[in-house]
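The structures considered in this document are given below.
Two complexes follow with subunit A in common, the first pairing it with subunit B and the second with subunit C.
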Partner chain A sequence: MTSYLLSRTLQTVLTLLVMSVLVFVGVYMVGNPVDLLLSTTATPAERLQVIQSFGLDQPVWEQYWTFLTHALSGDLGNSFVFNQPALTLILQRMPATLELAFVALLMALVIGIPLGVYAGLKPKALVSKSIMTFSILGFSLPTFWIGLVMILVFSVKLGWLPASGRGETVDLFGVPVSFLTLDGLSHLALPAFNLALFKISLIIRLTRAGVMECLQLDFVRFARAKGLSETRIVLVHVLKNTLIPLITVIGLELGSLIAFAVVTETIFAWPGMGKLIIDAISVLDRPVILAYLMITVVMFSIINLAVDILYSIVDPRVRLEGDS
Partner chain B sequence: MSNDANPGNSVHSRDGADAERASRSPFRATLGALLRDRLALTGIIIVTLLVLAALFAPLIAPQNPYDLAQLDIMDNRLPPGSESMSGLYYLIGTDDQGRDLFSAILYGLRTSIIVGISSAAIALVIGASLGLLSAYAGGKTDAILMRIVDIQLSFPAILIALIFLAILGQGVDKIILALVITQWAYYARTIRGSALVERRRSYVDAARSMALPDRSILFRHILPNCLPPLIVVATMRVAYAIMLEATLSFLGIGLPVTEPSLGLLISNGFEYLLSGDYWISFFPGLALLLLIVGINLIGDALRDILNPRREG
Partner chain C sequence: MKISTFATFVAATMAMVPVAHAAELKVGLAASTTSMDPQFYVNGPNSAMARNIFDGLVNQDDKQQVQPALAESWKVIDDTTWEFKLRPNVKFHDGSDFTADDVIASIKRVALASQNSPSSFEAYVKDIADVTAVDPMTVRIATKAPTPLLPNNLSRIAMLPAELEKTPSQDLNSGKGVIGTGPFKFVSWAPDDHVTLERFDGYWGETAAWDKVTFRVFKNSSARVAAILSGDVDLIESIPTADTRNLEKSEKLSVISVPGNRIMYLHMDQGRDVSPFAVGADGKNPLQKVEVRKAMSLAINREALVDRIMDGQGLPAGQLVPEGYFGHSPDLSVDPYDAPKAKQMLADAGYPDGFKLTFHATNDRYPNDSKIAQAIGQMFSRIGIKTEVATLPGSVYFTRASALEFSLIMGGAAVETGEASGVLGPLLETYGEKAGQGNRGRYSNPEFDKALIEARSTLDNEKREKLLQTAMDIAMKDDGVIPIFFLANTWATKKEFTYQGRSDGYTLPYYVKQAN
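Take a look at the complex of A and B:
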């Protein structure tokens, strides 16, 4: 286990390094942040001073080295636009994104698993066919466009739900959250459902396939022969074995939800880190782009590792690499 | 048809159908099966119509939406079914610059389809070559290539596309490149999986014992047998690439304003949505939806037809 964790950590560090070099050099080649930092009326002397104070006159590898040594001590540089530490900016906005992603994941599971189980148990029923049609649609609908249609229907036409912002928040362990107030919940409903839509379809399909496969296995036949009730067979035996592969998917999907929140946040003006990175890209705010990248790589590596470990716990047949 | 007419003989006629299928080329057999599937047929009809509309956009469109001389700013944000001063009929309304939305959608479809297909095709060639190489070479090459694939696939496509577009900037060529970078790994993994199975088949041993060169074994013997799953993946990926391009353009980091794509049209209409001018965003989205649903219907049917393990 220890050697496994070690090799995974090493892999993460390597990914971080490669990604940071790639993005650093890439962004370095693309644009000159000086124009962004200065007003149009700046004198050449002021210009030179800014260039020197940000170290922009150094060769790229030296600038990278400075970035790297500072990064190791937790300093990812100041945002060119906000003139605040990039790390702080992102960490401030992270709870909003995580809240959105987790609520969407929860929605996807609560809606997707029961529908998938039903469709798997009665594949020929009319309801199951409608569920599967819905899931094909869910795969094909452009998420951002559905978000707009949802705003049009529920906010503009019906006026039921707000179209933007987080609403009223309360502090939970010092972190502002929306899901504990009624106002916050009403603000969460549309963006979270919008984000969840694609995942609902995915989970329906996976659960259905898992249930159908499980029903043909010997232990189900044995359970039936033993005279167990159908409810017990489905809820205990079938569901338990269906959920194992779902864990991997759920882990990976959590990461993808966080990434896709970029789109949802833009549509619903949700003040998360996705909105921040889109703005940073459009003005080439290099420190924020880099910091966002570093944080997501770390976050994803942790999620992936957690999934792998969890998987080996629920399914003892799975052995981790390097684990003897 | 013969099955229905002669139910008592169904086993027989089924054998006949199989024999018939085997004697025809696999391409025609697959196409035949596709045309018999009602959903797939719907998909084929939708996609064909949209591709034709995009192809002949300059002939069908009542105006060239990107020739500023043809636009009349006085006609901006007219609802569907309006008529302009000059007598032009706006079937589904106009956008904020007085552009006929129907024409804009036809031109937008062009961009979306070109970007989707070319990025999927390039990613397929690169991914399939690397996947084949990985499976055939094995050992260290395989381990390194697959580790890269694993790491890349553990990040969502949109995140990787975002990063590369941040570096590359805007433009059709840039977004195609970004989409290729995000997609090649799917092809590589798919083809490696099937190539590993095929490699152990006796026909490969036979080819080896005839001292055929590696390249010929790889591309003329193993590759054709790996094609079915690759075709399924490619179909789904074209749809995904089109969706991803639209999403990125919607976010304002994909295609520049000078290149009309569906995502950009939807994005243009976004700010007028809250005041109730729904059509600027709605109709381009509908076109995008039809295109993606159509491709996915075909892909879904292809998976059922080409997957030998399918039930029933």
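Take a look at the complex of A and C:
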């Protein structure tokens, strides 16, 4: 197990290294942030001063080396426009994004799995067909459009839920969370559902396929022959076997929920970290872009690790080994 | 039973809405301030936010003209010496008095705040040689050379308590020391999310009408509109042009639209014989000929652009500053749309069959920029210029435009100082070490430069305005740049409130009033 963890950590470090080189060179090639930030009235002397203070006058490999040595001591640089450490800027906003992502995931599981199981057990029923139609809609309608329609219906026309922002927060172990207050929940409902919609559809389809496949297998017949109740067969035996592919996908999707909740955050003015990256890209605020992507890489690695460990719990045939 | 419970619940929720605190104003902004240090970074959202908390010695009014603020009056002693009389009994938010020491420290602090700044305020104080206190209520400023724009420049410099002279931006960002003399006190800030302010009861002017103001940032324009439609906020800025007509029809909202200070213009490559994207039959650069540039200006139907593409949110332009601005030339009119004449002029200039042109523009920097570029491209095609339009994201575009990789580009310039030299200098002055840094067309006319340079050191306002008008006339006659239109600044408020709007586009809650 230890050697397994060690090799996974090494893999993550390698990924981080490769990613940072790509982003560094990529941003360097796109353009010069000074042209975007400095007003047109600036004199060459002022321009030079800005370029020097950001270290942009060095050759790109030297800039990268400086970044790398600082990064090893935990300093990912100051944001050009905020003049604050990029990492702090992102971490401050992380709780909001994590909360949104986890609530969305929870919604996806709570709504998706039961509907998927039902559709798998009775594929010909009218209800199942409606569920599948709904899932097609969830897949194919663009998130930002649904978000706007939801705001229009629930906030503007009906006035039931607030259209934007994060509600009242309370501190839970020092982290501000909003799901413990009524106001917070009402603010969470629309964006979380908006974010969850795609995942609900995905989980419905995966669960349905898994259930249908399992029902054909020998152990189900054997269980029936043994006289187990149908409820037990479905809830224990079928569901457990369906879970394995589901866990993989959920793991990956959780990562993408956290890292790319940008669209939802923008539409609902949710104060998460996704909005930050969009701005950072448009002004080529390199420290923020780098820090954001590095956090994303680390997050994906952790989630993948968690998924692998979960596998071994759900399916005893899976062993974790150092060379996997 | 169930239904009636639900109905009661809904009714109760509805009834609660109007009870919401009467003296709180919630504002939806389009962009976030990036720092609570008013001297850190010159950009619109930062300067607008600073105006709520801080004052300058002078402030700009809603048409960007200079008005007394912390200085009651000022006079020119000699060519390079100014004397400012400070307003008595002005208090900072921490209760201390505003005196000459604070002025000296605030101006000195600009250098400190400029460290790591992507665009610093040093340009506004670079002409200042020395600041001295004559007495606690009088400040003398010596300049390196005659500087008629000193008051305009000082309107950009926020006054802080003297103790903050050595306090870096980072401290202010954490909320420590955000102390000004403005109508509102700082409460809290989260970057890209919200700013909360409360009324300062000791304000030197009339105290603000709002106990508390909350700004929230809605980058996405649809989200901003949704926020005011749903009642989440009371006031939003920058309505997307496509929504203005719908919002105008709404019974609950009023729309405010005033001509802004940002001019949209075309820059044409005039500095070299061969240009990469403008090629005549002879291989030469046709944009060097003034007749060609004039023909292009006549080919643009400005009224149609404003009406159809901007949904009325703009004002056709014949020069670079709007009416009412210092240096606006009364002799200039907007070029009329006249395609036949344009075609004729093109033929007379030696291009009866037009020439090949690629028109580059941004697609994420100005409202509807790529649509405007497409439309102008078609208008050029109509007079026989074989035009292709290429739009790029700003992050790529500006670097390439500065490197002169294009031949015809569209830009937008705001007159931040409130007078004409603020755009004439950067866009049209002959490019060099110290001048014309935004002159991406490399226009150069010695007569123009002479008038502008003379204006810069002329302290007599009347004479200076004449000189700026002359410079403007010369540049427009040469079509050094082609002005298209001024962008409008827009706001939407709930019917209960009024806001008169500002040409600089700032959203200042101090001036938002309850409607009668």
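Simple rule for what comes next: the second predicted complex is superposed on the first by the 305 of 324 C-alpha atoms of A that agree within 3 Å, B and C clash if a C-alpha of one lies under 4 Å from a C-alpha of the other, contacts with A are read in each partner's own complex, and residues count from 1 in each chain.
By definition in this document, a residue touches a chain if its C-beta (ideal position, glycine included) is under 8 Å from a C-beta of that chain, and two chains touch if they have at least 3 such contacts.
Worth saying up front: this structure is predicted, and the values here are computed from it rather than measured.
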Which of subunit B and subunit C A:S282 touches, first, second, both or neither: both
Subunit B versus subunit C as contact partner of A:D57, first or second or both or neither: neither
Partner chain in contact with A:V149 - subunit B first, subunit C second, else both or neither: first
Subunit B versus subunit C as contact partner of A:P44, first or second or both or neither: second
Touching partner for A:F80 - first (subunit B), second (subunit C), both, neither: second
Which of subunit B and subunit C A:A163 touches, first, second, both or neither: both
First, second, both or neither for A:E230, with subunit B first and subunit C second: neither
First (subunit B), second (subunit C), both or neither touched by A:L137: first
Contacts on subunit A seen with subunit B and repeated with subunit C across the two complexes: 30, 148, 151-152, 155-156, 163, 266-267, 278, 281-282, 284
Subunit C residues within the subunit A interface of the complex: 13-14, 17, 32, 34-35, 37, 40-42, 115-120, 122-123, 169-170, 173, 190-194, 216-220, 222-223, 226-227, 229-232, 364, 393-396, 398-402, 413, 416, 422, 425-427, 433-434, 437-438
Residues on subunit A engaged by subunit C in the complex (per definition of touch): 30-44, 46-47, 49-50, 53-54, 78, 80-84, 89, 92-93, 148, 151-152, 155-156, 159, 162-165, 266-269, 271, 275-276, 278-279, 281-284
Subunit A to subunit B touching residues, read off their complex: 11, 15, 19, 22-23, 26-27, 29-30, 136-137, 139-145, 148-149, 151-152, 155-156, 163, 252, 255-256, 259-260, 262-263, 266-267, 277-278, 281-282, 284, 289, 293, 296-297, 300-301, 304
Complex contacts: residues of subunit B adjacent to subunit A: 151, 154-156, 158-159, 162-169, 239, 243, 246-247, 250-253, 263, 266, 269-270, 273-274, 276, 278, 281-282, 285, 288-289, 292-293, 296-297, 300
